[in-house]
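Quick one: the structure is below, and I'll ask about it shortly.
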Amino acid sequence: MARIRNFPPLRFFVGFLPITVWEVLFFLFPVILIFMVSFLYVKELRLVYEWTFRNYAKIFSMLPYWEAYLRSFRLSLTAVLFSAAIGYPLAYTIAFEISRRYQRLLIVAMIVPFWTNYLIRAYSWQIILANSGLLNQFLQALHVIETPIRILYTHNATEVGFIYFYMVLMTLLLYSSMESINRDLLEAAADLGAKKFRTFIEIIFPLTYPGLIAGSVFVFILSFGDFVGPSILGGGKNPVFSQLIVDEIQGTVNLSMASALAVIMVVTIVAILILLLRRVETATLRKGGKPWRQ
Amino acid sequence: MAAIKGKRADLSHMALRLYVILAFGFLFLPIAVIIIFSFQPGRYPNLPLNEFTLKWYGEMIYDRVLLECMKNSVVVGVSVSFISTALGFLAAYALRSYKLRVENLFLGFMSGPLTVPSLLLGLALLIFLNTFLSISNSLFSVILSHTVICAPFAMFIVRARLRSIDKTLEEAAWDLGAGTWQTIREVILPLSAPGLIAALLLTFTLSFDEFIIAWFVSGFQATLPVKIWSMMRGGIKPTINAAGTVIFTLSISFLVLSEYFLRKKSG
Amino acid sequence: MPGSSPKGDPGILKGRYSMEDISVEFRNVTKKFGEIVAVDGLSLCVRSGRFLTLLGPSGCGKTTTLRMVGGFEIPSSGDIFLMGEEVTYESIAKRETHMVFQNYALFPHKTVAQNIGFGLKMQGLKKSQIEGRVREMLNLINLPDIYDRMPHQLSGGQQQRVALARALILKPPVLLLDEPLGALDAKIRKQLQLELKQLQKDLGITFLYVTHDQEEAMIMSDIIGIMNSGRLEQLGTPQQIYETPKTEFVAGFVGECNFFEGKVLGSSDGLIEIQDSSGRILKVERHSFDVSSLAGRRATLAVRPEDIEIGETAALCVNRLEGKIREKLYTGVVVRLVVEIEDNRIIVDLRRGISSLPSDRIQIGWNPDVGSVIPKD
């Protein structure tokens, strides 16, 4: 008795449907909703269902919004640069200077702090970076400085926080693209006379380009959308973009304004994603064709 | 010449290793600070260190509200981990059994919740659940929301694990007369158990530590991170150190446990 | 016929199907994986109670064919019948055939007993009933003590037998075996080959066996189906396959073979005459081909190395050739000569103990009663 060949059985649906329904309902719809709500407005704490551009008009016309946006952008870019700078040697050492057995151990060890509570760690940095905090106490005790360095509640503190929280992500992504480099290439380079540093510049760095791009994308996105870090470490004086969004939610309870700001954030993120991920594609294609420069 | 080369290589090797140690020191510094100063008597963290004391832990235990929030977090965490792992397992198994033509689209869609900043997700869910569906903010909303992130996460973990189960084992089970559910029960579940446990543990910690979404949708039933946030708003509080140490211990042990389970081989 | 092995009463499995049924039938079955044609228009009948082996190189489609019988693959076109009923799209679980997998596929988390009893558990039998039959089965495969062991504690040969027992306990009318001995050492493999053959005889069920090892196929099978690139090249008894191959592929795949290409002139005195490129005429007896349809056609004469004589005996043969000895190899079973005759390398196998071999030029020969004609195209 012939069955219809290409129609999948019931259990196919039982497998895919629940999670898909859940995500469509509680992820896709809500996100689409934000877009829609951003074109409504709020009067007396209630949403008015009339299409309007006023939220966007307000955002684009008022300086504080631009300032916050650019601040976030700059902080995230700096975070990317620093985590790349710190992550490269770290990833390199683990991938190439440590025996295979311990590599996994080190990777897990690196993930451990990454996996603990964000708030608590941010609080810890507060303790460390405060004017009367541990860092200043330590430096003063060593007589390196006389008066405390002001770090907490400045953007430098936020920067330190960003680097701390996201360098692991960058390092992991770099590590994974380093790990997949064919060791024969390195031996060939050594055989042809390249010393460690040259090998790194000529071979390893180009080949880890995809990992670098991926890491940059993620570090940027996560730091751009980060609220907790800047709030706890940077204070409220010169807010970042994410703080503006939260202000509209918890402060003025203007959900449509918050949505408009959120949309701008989403657009920024998507733009970065598209821009950079396309570069990953071409980079990986190139990886197959030319292992070292002519 | 060779001797000098060797020395130089050794030097760079040592320098790099030193760098790794420093980097790890940097990574663990905040954690160490929290733990150490949870046992220090002073209200403000001070160097040099004084005698160890447990008084902040004592204060923590008597803080009813704090414990209530901890309970809330556990309830949410357990619910989220079970729901997410179940959803994730079903999807992972379906992925393995059927060649989906839109598989990349599906996987991309599932990666969405994991890449979008939780600030945006929190706002989106707040509007959707509270404003549109008029579901008042509560732990229920938190559970719904956390599952959005944790289910795909669980799916990816279980999927990786299912890959290591030989397809012929399933074929043998079918050949011997087992139906789909029987095969899952008799063969797939036992062999993927370590992966499932790891998914449960990891999604629990993910939910347990999550702050911003919970902040938006939990309403009056604060979870632990939400409570800690309000405590932090009130200035430096050493009980936070004690609570933090407890939380750290939980997260780290779950992570290590799940790593153990993920390392186990399946037959 | 009583089993000669002391393994226990094989009668527990006998007597369900009459000997004259066709147990497996393929009607013009094709299987494609995307663009690749794995099985191409296969038609085949397997009589009940036979040991049929599908033999061929990797990628010839034999495993795919086997899997289609079991339901693990669905044909792209064509039909499959089991015991007269169409089962082309039937689910794996519903088919009455059972498979012994190449890697045994024993459930690593279950004991030997749980593995063997799995099928019965799926049928809903009670624990007490299952236990009895499992122990019976363990006796049949001569491993009564491994009831509670785990698969990883067993040797390869033991695992293989457990896999066998797991399938046989369900009394399938057709047993499918996918290169079950491939992973075993030569010595155990030889032992198990004979055991499997005996088992099949005792049980009387159809065995559908797949292997790429031609020696194994020759030893064990009642019928061999040689497959190449998805097609069935020849179906016959081991003797037919060996002595009267229908294609050059078959001739060359089973054992060594020498090929002489030429044109069929015709026949005289019941012998077919083939003229090769140098004008020589070679004679061979008619076997199964109608000579009139062959006349004028190009054909290959296939002669086995062991059928070729040398020296004085060769001089007395009808077909005689002269050539230079290129190599002398001692294989333990035979002395193998590679003789070069005008660009053709002829292999001659001689029994050990041939006293003296000429060092350079040699005369070889054979009579028309050996060799077979394979028409080209």
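Which chain is which? They are A, B and C, in the order written, and residues in each are numbered from 1.
Rule of thumb we're sticking to: a residue touches a chain if its C-beta (ideal position, glycine included) is under 8 Å from a C-beta of that chain, and two chains touch if they have at least 3 such contacts.
Since we're looking at a predicted model, the values are computed, not measured.
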Maximum centroid distance from chain A, chain identifier (CA atoms): C
Central subunit by CA centre of mass proxy: B
Chain A-chain C separation of Cα centroids, rounded to whole Å: 61
Centre-of-Cα separation between chain B and chain A, whole angstrom: 17
Centre-to-centre distance between chain C and chain B (centres being mean Cα positions), rounded to whole Å: 56
In the complex with chain A, residue positions of chain B that touch it: 9, 12-13, 16-17, 19-20, 23-24, 26-31, 33-34, 37, 44-47, 86-88, 90-91, 93-95, 97-98, 100, 106, 109-110, 112-113, 115-121, 123-129, 131-132, 144-145, 147-148, 151-152, 155, 180, 205, 209, 211-212, 216, 225, 228-229, 232, 236, 240, 243-244, 247-248, 251-252, 255-256, 259
Complex contacts: residues of chain A adjacent to chain B: 8, 11-12, 14-16, 18-20, 22-23, 26-31, 33-34, 37, 47, 86, 89-90, 92-94, 97-98, 106, 108-113, 115-121, 123-128, 132-134, 137-138, 141, 164, 168, 196, 218, 221-222, 224-228, 232, 242, 245-246, 249, 255, 258-259, 262, 265-266, 269
Complex contact set, residues of chain C against chain B: 70-72, 91-93, 98-99, 101-103, 105-109, 118-119, 122-123, 151-152, 166-167, 170
Parts of chain B lying in touch with chain C, wherever the complex brings them together: 166, 168-169, 171-179, 182, 186-187, 190-191, 266-267
